[in-house]
Structures are given as C-alpha cells and as structure tokens.
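Shared chain: subunit A. Partners: subunit B in the first complex, subunit C in the second.
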Partner chain A sequence: MIRTLATRIAHALITLFAVSLLCFALLQAAPGDYFTTLTLEPGLSTRTLDSLRREADPHATLVQRYLSWCGSMLRGDMGHSLAYHMPVRDLLAPRILNTLLLSAAGLAGAWIVGLLLAAIHGRFATLVHAFAALLWSIPDPVLAFLFLLAALRFHAMAPLPLDTSNPFVSLATAGRFLHAISLPALAMSLGYLPLILRHAQSGVAAARSAPAVEGAEVRGLPRRTVWLRYLLPEAANPLISLFGLGIGSLLSASLFVEVLFGWPGLGPLLLSAIFQRDTLVVVAGVFASALLLIAGNLIADLLLWLHDPRLREASS
Partner chain B sequence: MQPLLSVQALSLDYALSPRRSSSVLKDVSFVIQPNEAIGLLGPSGSGKSSLLRCILGMPAPAARLRCAALRLQDRDLLRIPASQRRALRRRSIGFIFQDPLSRLSPYRRVESQLRDMLSPAARRSNVLAALSAAGFTDPERIAAAFPHQLSGGEAQRVAIAQALAAQPSLLLADEPSSALDTVTQRRILDLLLQLRAQQHLAMLIVSHDPALLAAITDRILVLRAGSLVEYEPPPASRAARLPAPALTANPILRVSDLRFAYVQHRLWPRAPRVTPILRDIQLGAAPGECLAIIGASGCGKSTLARCIAGLESRFTGDIIFNGEHLGPARSRTARAGIQLILQDTAGALNPRLTVADILAEPLRIHPPRSAPRHTSRSIHACVRSILDAVSLPAAFLTRRPPQLSGGERQRVAIARALILNPSLLLLDEALTGLDRDLQDSILALLDSLRTQMQLACIHFTHDLGRVLRSANRVAVLDHGVLVECLPADAFAVQARHPASLELLHAMLPDPAAS
Partner chain C sequence: MTMPRVATFILVLYAALFLFADFFAVTPSDAMDPALPYLPPETLRFTSLTGQFHLRPSLARRQPITGLFAAYSSQQPALIPLQFFVITESPGDPASRHLRFCSIPGGVPHFLGTDEFGRDVWSRLVYGGRLTLLISLSAAFAATLVALAVGFLAGYAGPLADSALMRLVEACIAVPWFYLLLAIRALLPLRTSPLLAAAVCAFVMAAVGWARPARILRGAAHSARQSSYVSLARATGASPWHIARWHLLPALAPLALTQFSILVPQFVAAEVALSFFGLGISDPLVSWGVMLAAAQHLSAIVQYPWLMSPIWTMIPLFFAIHILADRSASASPLTLSFLPRHWYKLPRQKVQGESPVRL
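Our next item is the complex of A and B:
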C-alpha cells in the first residue's frame, strides 16, 4: 500500500506541473497580454508600457518564465497579480474558501437528499426516477437561473457579505452568512442531485438483488440490519468513486452558480483574470483546482481500499 | 403428532404478461414430521427452488401463489404479517444455499456476519462454538477471515453454522453440495447427518442427485413438471462398458514429461514467482479409448485439458497428437481433431447466435482441404444430422442459447465439438451438474461414436460415479502429479494412493444398484 501511495503521489506531482505548464503555454499562445488593454488609456505612452512590461516580467521566453514560476512556487510564493496589485496568494485564499464553503454545502445537500430518495422503493421509485430525469435534462446554468428567478419571489436576497473569510466570528454574522449561502447552495444541490440520485438508485437496485443481500433476507435478519450491514456496503463502491469525483470538482463545479448569484468565489475571479490576461492568477487557480482533483481521486481510492477487503489483499 | 411443516395444495404460477402465465407448481401437498429428513428430487427447472422460496414466504415478485395452508408448527406462514414471517425465518428456519460463497457479504468478516444470526448479546465464544459445531477445528481463523479467503467447502460450513446458529427446527437446503468437489461434498453430507442426529432437526433437502438424497434422507419426493410424484429407483439399465481397444503402436495422443507453471514476473524482487501446476505428466490414449482423469478441485485437471487443447502454450514437454508435435502453433488438422467441452455451457456458447449458426461455425472455420467445398446446403445437412445425433429436435435450430436449459445447451456444445469429426474429445467436467438421465444418454452417445468413428474421449472430472462406468482407464491427478493409472474395472480394488482412496470413499452408493 505504501508503495502504491508513493507512486500515486509522484504521479500527482508530475500531473500538477504538467497542468501548470499547459496553462502557461495556452495563455502565452493567445495574442496580446495584460498590458495590451492598457494601450487604450490615453495617458500611457508605448514606451511607458514597455518599461512596465519589462518590470513586471523580466523573462523573455516561456521556458524561463515557467521555470522561475516553479522556483517561486516551491518557496511558497505564487507571484503577484497584475490587475489587483497584490500577492496572488492573498487574493485567492479567501476566494477559494468561499467557493469551498458553497460547493461543500451544495454537495452535502445533494448527497443527503440523493441517498434518502434512493432508498425509496416500489411505486414511488418511478416518480423519483422521472424527477431525476427532468432535472438532468435541463442544462445546469439554465436550471440555476430558473431557480434564482423562482426563489426571488419567496426569498429576499441577502446583501452579500464581501468578506466571508471568517463568517462565524459572531452569531449575527453567521446568521447573515447562512442566509446568503442558502440560495446558491440550493441551486448547486439541484444541479448535482440527479447525478447522485441516478447512481445511488441504480446501485441500491443492483445491491437489492445481490446474492449476499438476498441471503440476509432469507436468514430473516431485521430490515435495518439488512440495509446497513449488507445492502449499503454492496452498493457503496460506485458511490465512493462518485464521491471522489465530487471532491475533485469542488472548486470548478460552482462556476455558473457563483457568477449568477454574485457569490465572491474563485469562479468569477478566474473568469475576469482570463479576460484580463492576469497570468499568475489563472495559473494559481488552475493549480489549486488540479490539486483538489488529485486529492479527490486519492481519497476515493483510500476509501475503496478501506471498504473492500479484496482490494486490500490485492495491493499488499 | 402435529407435523412440523405441512404444505397443502400449493400452486404457483408466474405471470408472463397480464393474459399469459406459466404454471410452476401444481397442487403440491406434503408434510414433514419433527426430526424427519426429506429429499426433494427433480430435474432442473422442475420448480424445486420455487417451492423452497414459497416455504420461506418469499415467492419471486412476479409469482402468484395459491395455497390452502402452509403451516410451520401452528402458524400459517402465508397469513401472518411480513415482520413476523421475517422473525420466523430467523428463528425457526435455517437455509443453506447452493452457492454459499456469494451469499456471504464480501465486505465483512465471518465473525460479524455470524453474530448477526445470534442474539446481540452473543459473545465471541458463542460465535466460535457455532463454528465448531459446523465441523471447524480452527474456528478462530475462520471467524477472523473475510469470505474471499475461504474455500468452497469452508464457505459451505460457514453457511451451515449461520443456518443453525439460531437453533431452528427446520433446515432447508437447496443443492447444498453441487458446487463442491466430491470429497468435500461427502464431508458436508456427513456433517449434516451428524447435526441432524445431535439437534433433532427436520430437513428438506433439494437435489437433482438421487444418490445424494438416498444417502442422507428418510424418504424422497419427486417433483416432475410441477407436481409431486412417487419416487422409484431408476432401473440399473446401462449397457456394459465397451471393451478397451487393443493397444496399437500409434496412440492418438501421447503426452510425455508435461510440465506447466504459472510464472508471475515482478519488478522487485526480480526473481519471478513460480507456481507449479502440472509436474511430469505421462499420458497416452488409443483411438476409441475412454480415459478418465480424476482429482479434487484445484489439482490441475483443467490446466491439463487446456494444454492438450492448445489454450495454454507455455508448457514444457511433448504433446504428440496423431504423430504431430503440438507446440504453440499447431496445424489446422490438429486443431480440428482435438475438441474441448467445458462445464459452463452458458459461457461456452455465444448467446446472440442461433443454434444453427453455432453448429455451422466450425465448418466455416475449417473448410475441407480437398473438393468438394462446403455449400450452405451441405452445411445445413451436416448441422441437421449432428443435431439428430445428440437427440435434439430440428426446431432447436432457430433458438438461441438463453432459451435452452442447461442440459440442452450442453448437448449443443457437444454437437458443436463433434461436427468436425474429431479424433479426440476432451470433456472438462462436461457432465457435472447435469441430471442423471441426461448424463447416461450423453455417455451412450459418446460410446456409440467411439465404436463407429474410433473417437477417443478423455473425461476430466472430480465425480467418479458416472464416468467409472464408461471409462476404460482411470488416472488420478493429485496436486499436479499423476499418481495412479489403473484399468477402470480394477480401480475400486487396486487403488492404493491416498488421493484415490479418498475419491473412492466419497463416492455415494448408487440407489439403482441397491
């Protein structure tokens, strides 16, 4: 297991740097840079711009630029944002926290509701199935927008807290925060729900007719025991993989919802950074997102390994 | 005396569509007295398993059940609420499945699954006692094991421990030993006999094997086409064994110094892990001869069959077929001349092809060297005649494997193997799991082909019973070594090796002979 883990982490590091290199190269390949938009400013001469450009980035080639970025990255320095005039780390940290809070709340809601609905058996299962299909057939952004419009009839939007970095300092700020997060989190849950519901439903349905579960039924074990000790473990494997994917998408899945609801998360910031060609911000955002994806996969594998004794045996 | 279980006028049919239904059980009535063991015999598809599910109160969802009374002691199983039925299943009925391993949850240790069947306050010692009662000498190891670490026989013992943990008064068993090899099967049956004597247990045992039921039950009920009929011991009618062919100078098959090992290459440590499967096998078969290679499961029978058939090529030693050395690449004649039949008929036939296509395929793959070439008409004639030879009606030509029963599928597989007129037929447990009548008819068919076409047959099996009557010679394979090779009629008397003696001891007496 230790060996497997070591190889996995080595692979992860390679992936991380490959992703950031790709990101650099793509941004470089696009015409223009951050300073191009500044040429529209009447007070700035071309010469001033050139000196600004040199000052911001003394490296001539992509490889040099990338290597220097890697070096500072290893020291824990993510560079400086051109557009915001502040360290990328200080810029991103609260945004990432906001996004994680929103996505985690949305995902948790979708998982809880999805698992509960999947337990429904019999006549109403068809109804649940149809509901999931309906939700799934609406594109996520449209769904979120429709939800926003509908919710505004009943729910006065809370003024968004600009700084949610520490919402739980007092009960009042916590209440305001919960009010503010409730709508976007619900919208996210709705987008995720059909995916989880479908997987959980088919998993439970397959597990219901699994020989081991049928065996437990025949032995007359109480319903609760059959569910908790035989049926759920049988249905768990695909759900664990899905859970890992969910963790991986914590930073990226909420983009539409963040933009629509004006949530001060990572999504809108990255979007504007791409338009402004604020390279280091984009690269750092992508890097964080990739890191989470890898961590999600690793966590899912670890959970599977803990869950299934046959896997433990195969890897030892 | 009040019977333990009484079933009165039980009928069951499956609704195929709102209008149509197929009848599975018709008006079945019987009683089981306390401490009585009853065998339920019937060919596959006769409704045995459905009847057991009815007694459990769990008929299949699409089934319609009508029953005058289904009483366990004083309670009618079909007229009590589901929760009580569940509790009754737990406390009063033990159930043993055909496939014990898959009925255990792979995610939890044996101990915790066994504990579910005991009371919540049960201690570890109770769990160990239940395992010891099922014949384990090392209950600690079994309790700590996950199901995938158990062998088939161990899993069946765990299942018995589970079934008897709550001390039920009735034990139901659905083909309790058909997934096990003969030696293990015999041990399980001995255990059941012993438990019955100890615990005053009533048993209902379902099987397609009359010898098994005759050995452990008081009386046998026969289920045929959904109705109970009287049991009559089958007549001892089989024709005498064919005489062994004269040993000629050129055997059809000669295997010398055959070795086979699984080699697992690793990055580190560099030395590969070698698991020897077959060691120095010497074997010969004359044209028209029938050879039985017997051994417990895991002794290398299937690997030997696969080596001869050409499915494994990394063996060392010589396999000479009809004068040709068989290496990794073998000639078309050798490939057509050696045919292999497997136990798993469902996996051996492509479910998407019709029987006609399945039987025609070998002819298309192996066109005759010289003119005349096959035309679609000549292929059709060949297919018709071979189907006739395995006594299947021509109507089967348009069916597909899923529409056939296990026995019918096995006959199609045999027909497919015979359509190329092979000179050597390898049967890897091909008769195991088939009904006795069917086994007899297939052996009779092979006997006639042996005399007509000088076909040599090699049976690879763990089941001595049927094959011993047809084979000329019996070879015993034990842990990859051929330990003994004797003429079949002298085998019972002359066998000396412990592995052979164990197989002989496990053989159940034939009810027809007694």
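Our next item is the complex of A and C:
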C-alpha cells in the first residue's frame, strides 16, 4: 500500500506540475495583459502604463516568470494581485471559505437525500425513478435559473451579511446567513442529486442479489442489520469513488450558481480576474481547485483501501 | 417500451423545428420592432369581438400606451386574423424573404412576446436553438473523435506513449473544466466576427471535453486488445490497421456513441454558461445562452418572465437525449433499438462474412 500510495502521490505531483504549466501557458498566450484594459483610462498615458507594467513584472521571459511564481507559491503568498493590490493568498482565503461553505452544504444535502431515496424500494421506487429522470434532464445552469426565478418570486433575496467569514457570531447574522445560503445550496444539491441517486440505486440493486446479502436474509437477520452490516458495505465501493469526486469538485462545482446568486465565493472573483487578466489570481484559483480535485481522488482511494479488504490483499 | 418512443418523437420534433427554422420562425432573429418592446406573449382567439366563432384564429394585439415604455393597454385588443403559409420579407432586407408558417398583415405575430428591442422571442428561440445545437453537436463530434483517436493510441501504442497520454488526460481532468473553458476562451480574441465566435465556442468546448471520454475509451481499447479475437487476428497476421478498423472500432463504437450523447447536453449547458458570461455567441447570431443572458438583469426576469423561455424548451430536449443515451448504453452492443435496424449499421456484420479469420 505504501508503494501504491507513493506512486499515486508522485502521479499527483506530476499532474499538478502539468496543471500549473498549462495555466501559465494559457494565460501568457492570451493577448494583452492587465494594463491593456487600462489604456482607455484618460488619466493614464502610455508612458505611465509602461512604467507601471515594468514595475509590476520585472521578469523578461516566460521561464523567469514561471520560476518567480513557483517561488511565491513556496513562500505561501501565491503572488500579488494587480487589480486588488494585495497578496493573492489574502484575497483568496475568505472567498475559498465561502465557496466551501456553499458547496459543502449543497453536497451534504444531496448525499443525505440521495442515500435516503435510494433505500426506498417497492411501490415508490418508480416515483423516485421518475423524479431522478426529471432532475437529470434539467441542465445545471437551467436549474440555477429556475431557482433564481423562484427566489425572486417567493423568497425575497436577502442581502448577504457583509462578513461571511464568521457567519455564526450572532443569532441574527446566522439567520441571515442561512437565509442567503439556502437557495443556492438547494440549487446545487438538486443538480448533484440525480448522479448520487443513480449510483446509489444501481449499487443497492446489485448488492441486493449478492451472496452475502442473500445469505444474511436467509438466516433471518433483522432488516436493519442486513442493511447496515451487509448491504451498505457491499454497495459502498462506487459510492466511495463518487464521494472522492465530490470532495474534489467542492471548489469548482458551484461557479455558475455563485455568479447567478451573487454568492461571494471563488467563482465571481475568478471570473472577474479572467476578464481583467489578473493572471496570478486566475492561476492560484485554478491551482487550488485542481489541488482539491487530486486530493479528492487520493482520499477516495484511501477510503476504498480502508473499506475493501480485497484491495489490501491485492496490494500487499 | 414507450419511453424511448416518446424521446425519439421529441428529438424528431426538435430536428424538424431546427432544420426548417426559416419556415417555423416568423421573422429573422434580429428583426426589431421598436414600437413593441417587452410585449407579453400574444394569445390566439377563435371568436370575433362580437362573440362569433371563426375557424381562422386571430391574434389579440394589445396596443402600446403612447408616452410610456413597454406599457400596453389591457382593453380592447385589436383582433388581427392570422395568415398561414405566407412568403414574408422584413422591409429593407431581401435576404429575409422566406416562406413562413404564419404571419399577420403588415406585422409579425409575437406568440412568445418580444424582448427589450422588440425582437420576436419565438423566432429567436428557433434560430437560437439551431445554433446552440449545431455548436454542441459539432463540438461533441470533434471531442469524441479526438477521444477515440487518443484512446486508440493510448490503448494500442507502447506503454510509454500510453503513460504520457494518460498524464496529459489527467492534467486536463484535474483542471476544473469550467475554468479551463473560460481560460481558453479568454485566450482567444474577445471581439471577433460572430461566425468566428461561434466556431471558437465549439472549438473551446471540444478542447475541454475530450479528456474524460478519452480515458474511458482507452480503458475499453485496452481490454478489447487483450481479448481472444484480437489475439487470434494478430496470430493470423492481420495488420495493426486492420485490427484497429475491424476489431477494435466495432468494440468501441457503442461506447463512443454513449459518450457522444453524454457530451451533447453538457455542451449545451456550457454554451449557455459561456454566452451568459458574454464569452460565447454574439449578435446578430443568437443562441439559447444569449437569450438567457437577459437574466443578468434580475428585474427583467421578474417583469418579463417570457424572456426565460429557452429554459422550458431545453428540459424536454435533455430528457429525450438522456433517455436515448441510457438506452444506447444498456442496449446490446451494435444495436440501437430506437432506430430502424438499417439506419445504424456497423461493419461487424459485413466482417463476419468476409474476414480472413472466419471460424
């Protein structure tokens, strides 16, 4: 296992390196830079802009720029944002927290409801199937639009508390926070629900006819024991992989919802940074979510290894 | 099995709508009616003002209140009888001359209302859907082709090429696809001719979407390569090209088709998102994403909910695609039961008769 883990981590590092190269190459190849958007300002002459540009980026070549970026990543400040005049780390940290709150709430809701619905069988199973098929046919952006419509009609969009970094300081802010997060989180979880439902349903259906489960039923064990001790472990493997994917998408899945609902997360910031060509903010944001994606896969593998003794046997 | 039938019916309906867009739309997508901004959807009536029944439906046109923007009087709408199958032409635009399925004398019927500039929402819905689907279908086609090629190469070439290609795929998957989409789009010039912008949109989606299917197809190519029929073909001295064409491709084709049908709705969603952010299609072309970008003004979607009509046309389409994708994934390989057998013929049947490795 140690060896497998080591290979996986080595692969992850290579992938991360490739991702950083990819981001950098893409953004460097893009025409113009942060200062080209400023050329329309009447108060700035081209000479001023040139000196600003030289001051902001003294590095001549792409390689030097990349190396200095690597240095700033190692130092931990992740470079300097041109548009916000502050270290990218301080800019991203609260935004990342907000995004994590939103997508964790959305995913947790989807998982709980999905697993509960997958356990239903018999008469209501068709109903659940139809519900899943309906949700499955609504593309995520459209679902977000629908929720926005509903929000504007019935919900009265609440102004967000200014400081979402610590939402539970008082009961009033907590209430406002819950009010603000409820609809975007619901939109996210309904978008994610059919995926979970599908995997859980097919997993449960397959596990139902597994010899261990049938044996447990034949021995007359109580239903709860059969479910918890035999059926769930049998059906868990694909769900664990899905869970890892879910962890990986915590930072990236909610972008559209965030922009649409004005949630102060990573999405709107990255979007405006892309438009403003605030290179280092974009690279850092993409890098953070790629890191999480890879970590999610690793976590899933680790959980699988812990859960499934067959994998442990095979690797040792 | 009625579900696949319903789904096929929906798809055929949409295909007809988009193929004959010039017939079903009542006006060009960019024809403006400055006198009628934000006109609510107009209703059809089969009775005259005196209550008499007429077989020919009339359009109840509400009159704009002079001096106010987008305000329409609710009393005494003018009843204008509809005409069917008319050749119309918007003034000063000979290129817009088409046979339309219906029209009214001296104007345009607005069945789904109009937008800010008085453009007909129904016509934009038809033309926009055509472009959205054209872009997503071609992008999905390109992405599937690339995935198939990479999958073949990785599954068939040496372990070194396989490993290198898979690292590339993993890097592409590790970047959140939406950010990658935006980043690649930002790389390309923002202001281009509308047609080029549409092509760029399709290209960007294909460039982002190929990685996942490639990984899946590579796995399938790997396992197909180890199968006994490929070993047999190799033992009888078949060339790699022959094996790829006649043994691996038939084994991968159903999977590739499923991946294709998974990509299409994803790409429709991507087009909507890109255009919503102003990075996709630009005027005078129209797509569903461009129409939904009206939602950027929150007040607009509350006051003029008919602007959101692409939402309601998208859901049946996605439903149909998902049902058929499910079917094609679970159907026995090489048959797609929702199509008549002869529509969809893969070379395998032929090969079994002609192949040198006949047993």
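The criterion applied here is as follows: the second predicted complex is superposed on the first by the 313 of 316 C-alpha atoms of A that agree within 3 Å, B and C clash if a C-alpha of one lies under 4 Å from a C-alpha of the other, contacts with A are read in each partner's own complex, and residues count from 1 in each chain.
Assume a residue touches a chain if its C-beta (ideal position, glycine included) is under 8 Å from a C-beta of that chain, and two chains touch if they have at least 3 such contacts.
Predicted, not measured: the structure shown is a model, and the values here were computed from it.
J.: Please tell me which partner, subunit B or subunit C, touches more residues of subunit A.
T.: Counting residues of subunit A touched by each partner, the higher count goes to C.
J.: Looking at A:Trp136, would you say it contacts subunit B, subunit C, both, or neither? Reply first, second, both or neither.
T.: second
J.: Return first, second, both or neither, reflecting whether A:Glu234 touches subunit B, subunit C, both chains, or no partner chain.
T.: first
J.: With both complexes overlaid on chain A, does A:Asp278 touch subunit B (first), subunit C (second), both or neither?
T.: neither
J.: Given the touch rule stated above, what does A:Glu258 touch, subunit B (first), subunit C (second), both, or neither?
T.: Neither: A:Glu258 stays clear of subunit B and subunit C.
J.: With the two structures laid over each other on chain A, which partner does A:Leu146 touch: subunit B (first), subunit C (second), both, or neither?
T.: Touch status of A:Leu146: second partner only.
J.: Quick one: classify A:Val218 as touching subunit B (first), subunit C (second), both or neither.
T.: A:Val218: touches subunit B, not subunit C.
J.: Identify the partner contact of A:Asp301: answer first if only subunit B is touched, second if only subunit C is, both if each is, neither if none is.
T.: neither
J.: Which residues of subunit A are in contact with subunit B in one complex and with subunit C in the other?
T.: On subunit A, the subunit B and subunit C contacts do not overlap at all.
J.: Taking the touch rule as given, give the residues of subunit B at its contact with subunit A in the complex, in rising order.
T.: 56, 58, 85-91, 93, 95, 97, 99, 102-108, 112, 116-117, 146, 148-149, 162-163
J.: Can you name the residues of subunit C that touch subunit A in the complex?
T.: Against subunit A, subunit C makes touches at 167-168, 170-180, 182-184, 186-187, 189, 265, 268-269, 272-273, 276-277, 292, 295, 298, 301-302, 305, 308, 311, 314-316, 318-319, 322-323.
J.: Can you list the subunit A residues touching subunit B in their complex?
T.: 211-223, 225, 229-230, 233-234, 307-310, 313
J.: Residue numbers of subunit A touching subunit C in their complex, please.
T.: So the residues of subunit A touching subunit C come out as 11, 14-16, 18-19, 22-23, 26-27, 29-31, 133-134, 136-142, 145-146, 148-149, 152-153, 157, 249, 251-252, 255-256, 259-260, 270-271, 274-275, 277, 282, 285-286, 289-290, 293-294.
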